[in-house]
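Next up: some structures, all given as structure tokens.
Presented sequentially are two complexes of chain A, the first with chain B as partner and the second with chain C.
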Partner chain A sequence: MSIRFLLSRLTQVVLTILLLSVIVFGLARLTGDPVALMAPAEATQEDMDRLRTSLGLDQSLAVQYWRFVSNAAMGDFGTSIRWNEPAADIILERFPATLLLASTSMLFGVLLALPVGILSAVRRDTWFDNFGKVVSLAGQSMPTFWIGIMLILVFALYLPIFPTSGYGTGWHLVLPSIALGGYVAAAIMRVTRSAMLDALEADYVRTARSKGAPERRIILIHALKNAAIPIVTIIALQSATILRGAVVTETVFAWPGVGKIAVDAVTARDFPLVQAAVLFMGCVFLLMNLLIDMLYVVLDPRISYARR
Partner chain B sequence: MFTYGPRFARAATLGIAMLAINSLPVDAAPEGEIVVAQPLLRQQFDPTAMVATTDFLTFDMLYDGLLNLTDEGKKPALALSWEISEDGKQFDIKLREGVVFHNGDPMTAEDVKFTYDTVLGPENTHSYRQAFANSVERVEVLSPYEVRIVLKQPWPAFFTSVRYSPLGIIPKNYYEEVGPKEFLKRPVGTGPFKLVDQQAGEWSRFEAHEDYWGGAPDVAVVTQRLVSEPFTRYAMLERGEADIAMGLTGPLLERIQSNPDIKIVAAKYSGTSALHFSRTEFPESANREVRMAIAHAINREGIAQSILAGVCESASSILTPATFGHLTGLERISYDPEKAKQMLRDAGIEEGHEVSFSIHTQSFGSLPNAPQVLEAIAGNLEAVGFELDRRPYETGAWLAMMRAGNQTGIFYGPSSIPDDGGETINGWFSSKSVWSSGNVNVPEYDEIFNKQLMEPELEEREKLIQSFARMEHERLEAVPLFWCSTPFAINSRISDWTPGVGSGYHLNLDKLKLAN
Partner chain C sequence: MSGGIGDTVRALPEKKRTRQIPWRLVLPAGFLLLVLFAAVFADFIAPYPPGQQNLANFMVPPGPEHWLGTDTLGRDVFSRLIYGSRVSLLVGVSSVGLAMTIGVLLGVISAMAGQVLGEVIMRLTDLLLALPPVLVALAIAATVGPSLMNVVLIIALIYWAQFARMVRGEALTLRERDYVQAAYAIGSGPIRLLWRHLLPNLVNTIIVLATLQVASAVLLESTLSFLGVGVPPPTATWGTMVADGRPYVELGWWTVTFPGIAIMLVVLSINLLGDVLRDRLDPKFTRNR
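Let's look at the complex of A and B:
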């Protein structure tokens, strides 16, 4: 991996973040006047103007944007209109909760998807395989908010095992992790199955069999090891997807993460907070993609970003 | 070969360990503690910098005004009694003695003066600052427990509207000592609860103020928790994780009605609404017969029972029974689509006449299932021959449209604090009102509005507003729709609770009684 490659990817990341900042800044302002939404119905124009000035929203868009970008570069995203606290602090305070949910969801997704995907390939075209296909199709088609609501209904109300929502104990993690993990599991399951099918038909597997290697060893060592690259790739890609899903899952389960506060901020027209949340998540997303690119080289010696 | 890195392994182990360590989920809140699951959370704790009427959700916990809004309407709180001068331009107010702030400081006339002076300050951003500035000349301290409010003009609405006299009194010494910024984080008032902890955007926790002048509340701890998803709020209530769930509408209300452990408590008459008309977009609406035909076309009773699940009732006037100036005995306009069709034909309106109609895509206090209700009304109007050009608006866009004066031909007009008829005229029926944007121009209404502004005698003022109600019943500048209450779903831990009347944001939690 050349330094040159890293530099060019980093430049792309910075440009994307700048573009993202313009989009976020513009979109937030297209949706309406936050002062009109915040002030009570009977507030007079003078009352509203005073509020607008106090929020700095009376300046021109160009001035507001420049102030936003130059301050953001220094880590200052302004003060949340709704919560009266620095937007950056609010986001950073919530990021661990999002990270925890994303990790346990991914863990659940992988633990579910790998065995089912491998077994589906080994027992191709049996009832188990068909069942796995149906489950993964359903998992990918069902919206996460609906799965979330159904999980609450079944496992918190009909069978009062888990808490409905909130944060605090490990039990609070179970339902949101299943809702979010189930979504990514479906994709991982499908890729695992097809990668394993390819591997199981390869010459080295036939050779291993003819040598009389035990079936277990053939599947888990010979085939799985060689099928690992697409599986790891999809897992890495899904870890970025999981951030997107967290927005919905956190809202349904009142999980105090970055996704939930972003949704609340959009509803409240809390410009500084929306900007901070989207930019922050955008940066995390871009960095993860960069890491995935670099991971390829480590995983597969055949891939190289060096100039030939 | 791919191996998990040590970091990932640590995170995974941590996740599994958390599941293993914690034994069982805690269900119900501890004794004496209640959790309120709210679709919105306010954490702007400074009453002199009020932003929205929803701020009362926290102000009522932390502060008292000179008057408070209770389940029986406005009642003397920090003011024990008052005298209004003959010209109506001076209020001499006797304050309650022995009231202490959460930090132990006694509340005196100095604190009242300081609070009002802060709102009157030129930089202040209180939402109703303009109304205070227009009316109040200055506040004088007469003795430690007596203040005089000297006015520029009579201000009778001070005592009848929830916007003014319930302004929370803040402690002068403490506020000056910590400054406005710190005060927002550690507010101190005289109210029934004190703020003990908060997480921005998630929850606020309050503890009972043991030395509250009105008696310590039955509830020891109140947690207001923001839960955006309505179903989750409902689930928390059914599971016992919350004791009060706000903002449940639609199918969830039906589900509650079938659950014997959950009941509905309503803040009565917290909203009123009417259909208004744009004289430029729909010039035919200048004809009273056309407006009357529209009134006959709408099945208010049916909509109130079905879509609004009894939370709202069909209105006979824009002023609710809890509104100052309400006139009893006005007849409701009957649902009679045949008559409506005939009246429209007589007025020269052809079948298929096109009119624009705004549909609000979000529900709110003054109309719980707004999108469905407005769609039903649109159906009623089409049934009598109109062809509607439906224009959907979410709240921000709707407010912008209204404030810019770009109303559709027929538009929906809500009022979320219908506590004072004078304010209702101001908002919707005077020729200068913000919301009707000049579409209502009745000199008699302007005259009544101006007279009641200056009328110091409450009884006389009430009569004036009632004369508006009578006249509007005849003229029908707007078609009254519903009087709505704000429903709160509660579980069986709560034995007795009545929220404040005339607003959905005055919860009155200090009067809430817990079972056992």
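Let's look at the complex of A and C:
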């Protein structure tokens, strides 16, 4: 991997994050006077002015933006209005819950998608293949919040197997993981299927067949190994996507992660917290994409980003 | 993608194309036309007014009086579904129409304009593609307040990036083609180059992308309405119907189940239609085998 590629990608990511900070900052200033939101109802004009000065809101926008960015760079995203705690602490406190849910969902998604995808390719154009296609397309067409509610309805209310929502035991993880994992399984399945189809048609598979290698070995060793690059790539891409889906799934299942806290912050008009959450999730997502790009080069030595 | 020859040899004896009705096209298109018809003539089709409350009818299960039951305020679910289709179709189509216009324009500009402007536009698309759309929409909606117009604008604001990306990529390649260079050499202005030489080559790809985007815009609208920052309450929308029914889901499954099925069927139909269009219009996409 060339240093130049790495540097230019890094510059891009930094530029994008700066752009994000401008937008996040601007959005918060569009919402009207933060002082009016923060001050208690019985505050006098004088109280409000004092609060404004103490928060630095009486200075020019450029100064305010600079302070916002330089503080953010040091990990200070301001104080949450609702919780009266540093916004960064709140986010970091919730991040493990989001990571936990994302990992179990990913695990569920991969465990579901890989076998189905491989089998669909092997049994191409059979009822199994067509059924898989229809289910994955239908799954992608359902709203995530609705899948969550339906799972709760069936597996928590009608058949009281799992808790309806919340956080704590492993049982709490099951339904949200299925809801979120199903969301990414469809894409992984389709890529697995088409990568396996390509691999199964390749010459080395014909060679392996003609020398009498057992079919199971041909599928799982010869073909799957060669189909691995697109499959690993889509899994990596989907692990970034899963963080987005987490916003809705966490809300439906009252899962105390970053997504839920962000939605709550929006509803409570807690803008420092909204800013921190949006910046945080944006950065995580951008960095993950950068990692995936690099992973791609490592996995497939044929790819180089040097000159296209 | 993979060996085209092997495909044809295998495909020929299996498929009898001649007398078959193209179900992949007819079914989804027919269903969407039906929904469109219901949306336009909702006033004549819906058995009850969508807002008619009657507390005596608290959560009546589906039956002959109310085909799909009633909700917690005694409103007829079937009628509200019909009226809700208006919002979904209107928001889906108009937001993507707007996004397409902005995206195509900015994509072409970024390909033709200087490096700095092009780079800024591309970083902006990076950003929009990187952030969770629900979160961005939520933050903006909370800022500007919920309304039908705002939902359309917000979705357009997020969705133009895909179009800009694609158009820029295509335009950069097309720009180097001989016929474009030739047109430029004989003195065609930028507008003529764009209109006569670039856009006609992009139309198919744009249509395919737009179709798939409409499906995802319908989903996003329902999610925003569900979270309470979409089209505000008196209007019946599928997302709000699910949100309204959710706290009482133990008392009646029908209030949340039917709107969800409606969303799924519409989105699925648009997706299926998009697949067919992709196969027919856009040879660059690989066939979804």
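Structure notes:
Simple rule for what comes next: the second predicted complex is superposed on the first by the 267 of 308 C-alpha atoms of A that agree within 3 Å, B and C clash if a C-alpha of one lies under 4 Å from a C-alpha of the other, contacts with A are read in each partner's own complex, and residues count from 1 in each chain.
Here, a residue touches a chain if its C-beta (ideal position, glycine included) is under 8 Å from a C-beta of that chain, and two chains touch if they have at least 3 such contacts.
Quick caveat, the model's predicted, so the values are computed rather than measured.
Contact with chain C, but none with chain B, is seen for A:Q12 once the two complexes are overlaid on the shared chain. In the superposition on chain A, contact of A:S194 is made with chain C only, not with chain B. Look at A:L291: by the touch rule set out above, it reaches neither chain B nor chain C. Of the two partners chain B and chain C, it is B that touches the larger number of chain A residues.
In the superposition on chain A, no contact is made by A:V63 with either chain B or chain C. Of the two partner chains, chain B is the only one that A:A228 touches; chain C does not reach it.
In the superposition on chain A, contact of A:R269 is made with both chain B and chain C.
After overlaying the two complexes on the shared chain, residue contacts for A:S103 are found with chain B alone; chain C is out of touch.
By the touch criterion stated above, A:S141 is placed in contact with chain C alone, chain B being left untouched. With both structures placed on the common chain, the touch criterion links A:L157 to chain B and to chain C.
Residues common to the contacts of chain A with chain B and with chain C across the two structures: 31, 145, 149, 152-153, 157, 251, 263, 267, 269.
Interface of chain C with chain A (complex): residues 1-3, 6, 14, 123-124, 126-127, 130-136, 138-140, 142-144, 215, 219, 222-223, 226-229, 239, 242, 246, 249-250, 253, 256-257, 259-260, 263-265, 267-268, 271-272, 286, 288-289. Taken together, the chain A residues at the contact with chain B in this complex read 31-34, 36-47, 50-51, 54, 80, 82-85, 90, 93, 99-100, 103-104, 107, 145, 149, 152-153, 156-157, 160, 162-166, 169-174, 225, 228, 232, 251-254, 256, 260-261, 263-264, 267, 269, 299. Residue ranges on chain B touching chain A, taken from their complex, read 1-2, 8, 11-12, 15-16, 18-22, 24-27, 43-44, 51-53, 124-131, 163, 184, 199-202, 225-229, 231-232, 235-236, 238-239, 241, 395-397, 399-400, 403, 414-417, 423, 426-427, 434-435.
Residue ranges on chain A touching chain C, taken from their complex, read 12, 15-16, 19-20, 23, 27, 30-31, 124-125, 137-138, 140-146, 149-150, 152-153, 157, 190, 194, 197-198, 201-202, 243-244, 247-248, 251, 259, 262-263, 266-267, 269, 274, 277-278, 281-282, 285-286, 289.
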